[in-house]
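Handing you this structure, nothing more for now.
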Amino acid sequence: MALSREQIAMRVAQEFKDGDYVNLGIGIPTLAANYVPKDIEVMLQSENGLLGMGAYPHEDEVDADMINAGKETVTASKGASIFSSAESFAMIRGGHVDFTVLGAFEVDVNGSIASWMIPGKLIKGMGGAMDLVAGAKNIIVTMTHADKRGNSKLLSACTLPLTGVNCITRIITDLAVLEVKDKAFYLRERAPGVSIEEIEEKTAGKLVVEGDIPEMTI
Amino acid sequence: MALSREQIAMRVAQEFKDGDYVNLGIGIPTLAANYVPKDIEVMLQSENGLLGMGAYPHEDEVDADMINAGKETVTASKGASIFSSAESFAMIRGGHVDFTVLGAFEVDVNGSIASWMIPGKLIKGMGGAMDLVAGAKNIIVTMTHADKRGNSKLLSACTLPLTGVNCITRIITDLAVLEVKDKAFYLRERAPGVSIEEIEEKTAGKLVVEGDIPEMTI
Amino acid sequence: MAGFNKVVSSYEEAMAGLQNNMTVIAGGFGLCGIPEGLIAQIKKMGTNGLTVVSNNCGVDGFGLGILLEDKQIKKMISSYVGENALFEQQLLNGELEVELTPQGTLAEKMRAGGAGIPAFFTATGYGTPVGEGKESRNFNGRDYIMEEAITADFAIVKAWKADKFGNCIYRHTAMNFNPMAATAGKITVLEVEEIVDVGELEPSQIHTPGIYIDRVIQGNFEKRIERLVTSKGA
Amino acid sequence: MAGFNKVVSSYEEAMAGLQNNMTVIAGGFGLCGIPEGLIAQIKKMGTNGLTVVSNNCGVDGFGLGILLEDKQIKKMISSYVGENALFEQQLLNGELEVELTPQGTLAEKMRAGGAGIPAFFTATGYGTPVGEGKESRNFNGRDYIMEEAITADFAIVKAWKADKFGNCIYRHTAMNFNPMAATAGKITVLEVEEIVDVGELEPSQIHTPGIYIDRVIQGNFEKRIERLVTSKGA
């Protein structure tokens, strides 16, 4: 069965290694912070200038001067550092952030991603997404495998305006974990109870299935 | 009579305006700090990362972690700020320092300056001089008008490797104050008792003498 | 002798010289760390045709959003806009122009403007609409685009504490774009919560040295919260 | 689980992985703010063929100067050298290569290296020997040259206080090149005067966030003074 948002977030959290600096986009990526394995530590970077993002504040801790990149009130964890936007993106652009997790409208077999603009709809802007996909060492895209009408989001070539080119190597959807390389999606894991046939059917870009494809353990 | 080093420094200090941020090179420029008029305030920038350089320390104030760009022990004045070398040169390169005063081997009618390298002698490096001449809003060169053998240092074209091109607008020597424009040195003031003829004789580049040339008041 | 005393006593004085069709860089991220009183003064002055460079354009009725009410803004250079219905309406009507710029590129363009760097290369935006019409170049096997610096006639900046020299520190994540904005204005105006005595700020802990600051004014801040989220329980 | 604990207990561990012919960026200005113990460890290791990027090369017998004694340095990238007779001798003998770089350009090249900016334009050095062979370009009526970023296999950095995460602050003008050096190493090693508890450093006052730091070691510093100048009298 397709994973829930929380289950996708759980699977994402399994990717983290002890000592990783991680930037989590809005939505499912942010949920991953709740499922970091107990035996490792990761530190969250928020691109408005906070390394060591903590939990949401209790009511008596709320401070208008302490927000995250989603403009939500937040706290700083012990050992956090705070700095300017230029420093924050020096960190991101310079490849010092180990992991970025973000959502997308489309990803293609070249590792290109479209996530910020749908022509004909109002354009709100890319925020830090273009910098993040250009800068992080490892990028994970989380999204549903297909849209609500069943159209695949894993394409031969993105149709929407791009956020970045040749930068995505790993995708975690409600149906599967896939690696992007050699102009194809390599199926690595499938959601419990989801068949390879269903994944093939919902993947428009070239899909490679090699050997046994294990089910994810959530 | 030709000015002494101290007198050149006194004349330099007359150029400063209240509220100027000033970077002073090693030698005569540094002496100018002693002659800032009593009715104005200037703040000294030292390019190793100190804005608000104070006096040399008393013996019991000496701190190895507090030095100036000449690597001398120094103090910070009240209201000083300390920052990285990148920030310091952002300040310089970005045109935020009002005045730079530095020495030179040669200056020419194009406002180009040679101050860091004499071929055949050991090359020690340009330090921050190239950044300073490229960045400051106003640059004053202080030097003797001619070298020890009587050869002019104010030339049609510099012969030594350059520190910067088209950047010098004002020169204060032991004989005169000159402005550099329209491919000529414009004589503005002469040292007390120094004749225009002597200045003409010791200026190899084109010299323009317009109207009365007052004597400097030191 | 004024020396380095940059404190002004009125908002009129703080924003004196601002004229129609000028470019203004504003610090802040969303509603966090914005120079509230300086924005209000621009509204009061009615200056229009402005190009405003800021990561966002506030919300309806607060922050830079209030400058939309009388159509004072001609063009926004931002990374993320549209928290705000009036913005959307003016954009669709063609009354407002937007130049979307990636957040990190925007921060770096401001820093470059203040630091005398006219242009730099970044991988951000290569191969996307942001890279269209810009020079691209390969360094060490990777493709980059050239981005040019941004400077402005005025920079309006918000800090926590400043001395009269303009030396200042920012509080928590209200720092954001303010340090770069401060360096990139021909005239930089700083609005602060508190003016402290010269010497009170530790020299090596000053975020923005006073050399970048032309005017300092003490303000009163509402500090509206855009998205209040709290943890429940202990 | 090591988490973010970057503290190592020996200099061997601190400089593990340094090999012949690598590039090393070192913080410091003259003898001020130099990682004394890390430099001594490089001497002890006898690693040679090194390219060293640092504003200066120390003096005879102290600072980076000690790496000249056994000819460990192949090339220096600096703005000012020659406080030091051994340096001069090796330079004249052709045993040592020097790439002179203006001080501000050197600082910016390190920052760019750490910030993922492969190249930038600066007016510094245009029309001089520094600009020879480099691309030049006119922006808004002024000529600039293109300078490329510097990165290194190792960066060795000196700070005052750090926590085990590598968050650190510098003391007075011992900051200098250290913050940029810290960002530009594939492996960055930080030698500090004092290791403090996590949480002791105020987040917004941290000069270099721990994300740039790979290893932290507590050192003992001689802090030799290069030019002692004092004021007489009261």
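Letters A, B, C and D mark the chains as written, and numbering starts fresh at 1 in each.
Everything that follows uses one rule, which is that contacts are C-beta pairs under 8 Å (C-beta built on N, C-alpha and C of every residue); 3 or more make two chains touch, one makes a residue touch a chain.
All of these numbers come straight from a predicted model, not from anything done at the bench.
Common neighbours of chain B and chain C, by the contact definition above: D. Taking the mean of the C-alpha atoms as each chain's centre, chain C and chain D sit 32 Å apart. Averaged Cα coordinates give chain B a centre that lies 29 Å from the centre of chain D.
For this pair, chain A with chain B, the centres built from the Cα atoms lie 55 Å apart.
Those residues of chain B in touch with two or more other chains are numbered 50, 76, 82-83, 89-90, 92-93, 134-135. Across the assembly, chain D contributes 108, 111, 115-117, 122-123, 171-172, 175, 203-204, 207 as residues in contact with two or more other chains. Listed by chain label, the pairs that touch are A-C, A-D, B-C, B-D, C-D. Residues 46-50, 55-59, 62-68, 70-74, 76, 82-86, 88-90, 92-93, 112, 117, 122-131, 134-135, 161-166 of chain A touch chain C in their complex. Partner chain A is touched in their complex by these residues of chain D: 1-4, 111, 113-117, 163, 165, 167, 183, 198-199, 201, 203-204, 206, 209-212.
Of all residues in chain C, those touching chain A in their complex are 29-33, 55, 78-82, 88, 91-92, 98, 100, 102-108, 110-111, 122-130, 171-180, 207, 223-231. Against chain D, the residues of chain C that register as touching in their complex are 108, 112, 115-123, 137, 139-140, 142, 144, 148, 169-172, 175, 203-205, 207. Across the complex, chain C is touched by residues 18-19, 21, 39-41, 43, 45, 50-52, 76, 78-83, 87, 89-97, 134-135 of chain B.
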